[in-house]
Every structure is written in C-alpha cells, then in structure tokens.
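Per-chain numbering from 1; labels A, B and C assigned in written order.
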C-alpha cells in the first residue's frame, strides 16, 4: 500500500482573537489518496475552510497556534519553508480555488496575465499553454478572454478562469473551497461537471470543501462531516449517505434533500 | 459591537486597561501629561520669567541657560516652558471647537437623509477646497489674531475632518435596528441623535479630537512662524519666527522650540494611535509571508 | 468614467462661484473704509478713490457689487495691487510657476519614497519592523516643514556650506545651459527635500494602510497559491492596486500644495505664491490676498478633476464602464 498523497493527522488550528482562543480546527485526521476525490462537509463556521487553508498553507497572517501534522507525498507541509512551498505550488504540487472568484482575481490585471503568471517558465511559450488551459476548462469559445478583466466576465466564467489558474501548475491535488456556492444553480452544475471531468482526465485528486451534500454526492469517493472543528463522521460517500451514523450528518442530509426538493 | 448602547462600567475599565497595554498610547498619554504639568506649573519650574531679559543675548547653551538665550537675552528654556501654554490651549481649544462645529454639521447631515444632507456636505466640501493654512491666513488678514479669534479661525479651517467622520458614523448607524426601534417608540429626533446614535459613534470621534489637536498645534506654530499669531502670548512658532533671522549665529534658537512642537504633535498622534488600536485591535496588522 | 469627472466638473463651478462671492463679502465686511480695505496700507489719492468706487460699484447695493466683481474675475481681472503697482493676476501668474516647480520636485521625491516605505511597512514579515517604520514615519510627519527647513539650512547651508540658504537663484548668474540648470537645482534641493519628507511621510502612512487593505484581498491569496515569489506578489499585485488610493490622496495634496506652501516658501525665501500671500497679508494688500485664495481654490478644483481622470485611467473597472 502506497502512502496517501495528503496525510493530515491531529491537525489543530487555534486562532487568537483578542484574549479568546477560537478552536477553528480541533484535531482533524484526513487522508487523500492519489487521484481520488474527497469531500469535507459542514455548516459555515465548522472549520472546514480553515482546515483546507491550513493544509494548503494559505491561512491569513493572524496570530494562531497550529499543531498536528500535514504531509504531502510524505513531506511535512506545516514546517516547510516558503521556498520549498513555492516549488510545490509552481509545479506538480497542489493548488486551490475559492468561493468568490471575483474577489480572488486581480481586478486590475487581464485574464491572460493572471493565468500566465501561474505557468512556470520552464515549459515553453506561454500563449499556447494559456489557450490550452482555457480550452480545458471549457472557455474555448471566448478567444478574446485573455484580454479581458475579471469584472467583464460572468460568475461561471470567472470560476472557470480560477480553475485554469489552478491547473496551470499541473497539480496532483486541488483544494476546492466552496467552488459553486456563489454561482447560479444552472452554472453550479456545469462547473461541477468540469471539475469532475478534470479529476478523471488528469488523475488529479480533489478535496472539495462545501456545505452542500449534493455536491459531494455528485463527485466524491469519500466524505468527511465536520462540526465545530472536528470530524464527526467519515466514510465512503455511498454508505455514509445510505446510512448516516451521526445525528448531525442525518440533519445535513435531511436539509439537503429538502433543498433539492424545492429546486427548479 | 455597534449595537451596544452604553458601555457598562466594567467594560469601560477593560477598555482603559486595553489602552494602557498599547505601548503607543501610553507613551503619548505620558508625553501629554508631562506637557500639561509643565504648562500648569510654568512659573514654578521656569528659571526665568517669560519676558525677563538678561544681558547675555544670543548665548549658547550653558549651565546658566541650558538651552541658550535669544537675540534679546531671554532664556530659551523658560520661553519653551511658557510657550507650552499657548500650544496646548490652542490645540485642545481648537479641537473642541472643531468637534462642536463638525459635530453639529455631521450629526445633522448624517441623521437627515436628503436635501439637508447633501446641502451640508456641500458646505463641508467648500471648506475643504482651500488649504487650511490659506484659509487661516486669509481670515487672520481680515480679522486679526487675538487668542479667541485664533481658536475660532483654526477651528473653522479644520472642522470638516470631524464633520466627515461623524457624518460617516451616523450614515453607518442610522439604518440599524436600534434606531428604527427608537423611532417606533416615538422618541424625539434630538433624543435619537444624541442619546441613541452618538454614544455608539464616540470612539473614532475621540481619536479625531486628538488628531485635530495636533493639526491645530502645527497650524498655530505656522502662524507664529509667520509672525501672525497672538503677539501677547509666548508661542513656540513665534520663537522660530525670531530664529529665522539668527540661523547663522544661534542654531539653538531654532532647534529647541521646534523640537518642543514636534514632541507635542507626536504625543497627540501616539495617543490617537493607541486609542485606535483599542477600537480595532487587529485592524492594523499587515505582513506578507 | 467621464461621467464621474463630468459630474465633478459641473459641481466645481458653483463651488468656485461660492468661494469668490464669499471672499468678496469678507472683503466688504472689513470694518471701515471699503476703498482703504481694498487698497491696503497705502495712501489713496482722491482720483484713485473715485476710480475704484466706480469700478466696483461701491455706492450701489451689495448684489450689484457682487455681480460686478464676478464679472471681473471671469474676465481675468483680479484687481490691482497698489503695493506692487501691478494687476494681481500678473503677480500671481509670475509666481505660480515657481510654486509649481517646488511642489512638483517635492512630489517627485515624496511619492516613490512614501510608496516604498508604505509597502515595506505593510508587507513586513516581522511586526517589529512594521512598528519601527510606522513610528519613524509618524515622528517625521510631526516635524513642521518650516522647522525642518530651518534645520536643513543650518546644517547644509550655514555649517557645511554645501548649498545656498535661500532664494530661487543667485542675484547675478552667468551660467548657461546645463550649468544653469545645475545652479538652479542647488537652490531647489533644500526646500524640495523638506517638503518631500513631510509629504512623503503622509503618503507612507496612507500607502501602508492601503497595502494592508490590499493584503486582505482574495487575489493575494490566489497569488500565493500560484507560488509566486514575495517580490512578484508585491510588484504585480500589491503595488498597483495599493497605489490607487495613494494617487488620489497625493493628487489632492498636490492641489493644496500649490496654495499651501506658504510656510516653506517663507523659510527659504522662495518667491512663489505662498510668499506673495504672506507679504500681501503683512502689507494688508487685500486684493492680492483674495486673488491668491481664489486662484488656489481653482488650482485645487482642477487638480481634483485631474485626479479623478487619472484614477479612472488606472482602474480598469471604471475605465471600461460606460
């Protein structure tokens, strides 16, 4: 048996807010094997985003105590220096996409430049590679998109651009933090399908952070349910959905079914 | 944090402790307390009277005159000690006057949406069009420069800052639930403005008062430096006005009064910084890994 | 984009008119003889008096006077300075380029200096470095420009003798071409430096706040996730976005500098508009005082418009909006 791609054990992120300590993540274990798709589900404030940010080393510069371990291909992520971290982010490591693509794209830079700077220089001319990435995320029709600014695109297009940026480093692992939450319902499904296609075609592992169990049901192999900084239940998606053990999971499922019922 | 109506006493105590724990704020407070003590006790600590002339004119710093003497033999140290009175009085007086004018305009504009609001804010903009120093000079040219006129004139030049701040606070708060509740309860406009909204907007306003005081002190010093401040008061700016003619033969006439202005202005700014830090403890933290 | 600037321009006109009317009313509010108030401490021959009374309709009701005065200003007649025996507008136009030169030189130093310090402080990895930079900027900003000017003169001109103490150039100069420029630069150096330090520290404080604000934006997280180096993030993502508000503030400050360099020009006897204002106040040359106030108001309003347009050009969100 090979080591998992991402191996998190006993991860704690305690934020210092004034005199108080907020236990955003409080002892989480999470394994992601090569080429699999794992969902982390929970309501807002359950610590799922903080977990992903901590693992991707993208937490904002706040006073916090982080303990436990997180390894990527056997290498210690939490203690890794910035230089090694950059190496992983630039090529064949991991990347991340976010809930609000408008805020996460630079408003004063053209799309082409923002994708281009994520490409490493060693792999040849950038222009054709940018075009190839745009093709891959389903923006082939919009040729002039490289010359546009983020505010000139629709929400779905922006999220596709974000995905293109994330793919630029040919990552083995993609953290997707609420990738569809800010989008229209119809667009949500398209973006999700694009993610799933990329997951299959590229053999890329994905960690999807979401409050929406429907998203997990759609594409995830395994699922972890988080509440107040802890994983309360985890297992293969199918069995977890069929037979939830924890009442919190059952409640989330119930909520999700009800929402699905009223969907157009 | 905005909905809190009036801070309970215990909470105020916590604020005070939080303020004391900001190094900036404490240094500022200590500087200002010392200056205030010096200003009050001036006759006790000054070695010479403010107008007392000695035979030693343009004497460099020595044991008898720690900071030297000016062109007519007055002791610079004593002049600086007495000068703290004018600076602090005008600084604080002006800041309070600006609070009154700016507060009235800001509250009225922020509370009444519509015509009153846009009209008043246009007036604020009008006053901000001219550089403060030009406005002040112009007013002094036309009306003279007595102590009270000076306070009024400088306040007239800097009140828009406070008005804008208070206006912004009121616009932020006027849509909140507790204001709507007060309206439903039939409380008078004056009551809502002064008793409901104002206490919630107080903290940044106090910070602005400290900043206004530092600006006013700089403007007053500038007027003194141009020889246009109240001639009957010893002022640091005026000492620099005299020093301008003796830069070649008496550097101490420039160095020490200017340093006094600087320390005072820094004191007010540090105080404001400390107060700001209490309001927004992690607001100012930056850093890129 | 042009609509924003256009709205500003439409509002600028009544703003200026109001200022002119208020200034004239203030002039008329000076107690005593109105003619003397206009002329200043200067003996008025009866012939002059009649001329002034007629020109400004001083014997007619106030509204007529105001309309007459407005008409004069619009046609470029800012009155006559009896102290200088010249039309006010000519005096101001002669002085203005020198003030613009001083302000431009200062801001050419202050903006890069302030941005650099602001970015260094805002992105500092260690909070201590940030504190140190911020506190130094605070202290430097508290230094009154005129005192800093005096100290610079004492050290660099009087003690070391490297640079001239005062003025805009030597009384008699035989220098030509490049040597002439160098000679002028020596006179410009100290006042521009004093001004630049003050304004630079203001810009540094604003830049730091703006940088910190930018650091909190999502696209900085994206840039980090891309594996960009710290330098690349600062260059490509922080500098441009964080300098947008700085451009605004620096532009407004520049507009104010054109009228507000009074103190600095006095220290260095720099014969600009500010020095003219002080001299006119001392001589009670009120026509000139009011002329300067109106011209500096115009300068501020025009600068604000320029800033709006520049801002729109720098920000694609506004530039491409129709």
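Convention: a contact is a pair of C-beta atoms (placed from the backbone, for glycine too) under 8 Å apart; a residue touches a chain by one contact, two chains touch by 3 or more.
Keep in mind that this is a model prediction, so the values were computed, not measured.
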For chain C, the least number of touch steps when starting out from chain B: 1
Between A-C and A-B, the pair joined by more C-beta contacts: A-C
Far-end chain from chain C, centres as C-alpha averages: A
Centre-to-centre distance between chain C and chain B (centres being mean Cα positions), rounded to whole Å: 23
Mean-CA-position distance for chain C and chain A (Å): 50
Numbers and ranges of chain A residues touching at least 2 other chains: 61, 82
Set of chain B residues in contact with two or more other chains: 285-289
Residues within chain C bordering two or more other chains: 215, 224, 230
Contact footprint of chain B on chain C as seen in their complex: 11, 15, 18-19, 23, 26-27, 29-30, 121-127, 130, 135, 138-139, 141-144, 146-148, 150-151, 153-154, 158, 165, 208-209, 211-212, 215, 220, 224, 230, 233-234, 238, 256-257, 259-260, 262-263, 266-267, 277-278, 280-282, 284, 286, 289-290, 292-293, 296-297, 300-301
Chain C partner contacts - residues on chain B that touch it in the complex: 24, 122, 125-126, 129-135, 137-138, 140-142, 214, 218, 221-222, 225-228, 240, 243-244, 247-248, 251, 254-255, 257-258, 261-262, 265-266, 269-270, 273, 284-289
Chain A partner contacts - residues on chain C that touch it in the complex: 215-219, 221-230, 232, 236-237, 240-241, 244, 314-317, 320
Residues of chain A that touch chain B when the two form their complex: 17-18, 61-63, 82
Touching residues on chain A, where the partner in the complex is chain C: 56, 58, 60-61, 82, 85-90, 93, 95-96, 98, 100, 103-109, 114, 117-118, 149, 151-152, 162, 165-166, 168-169
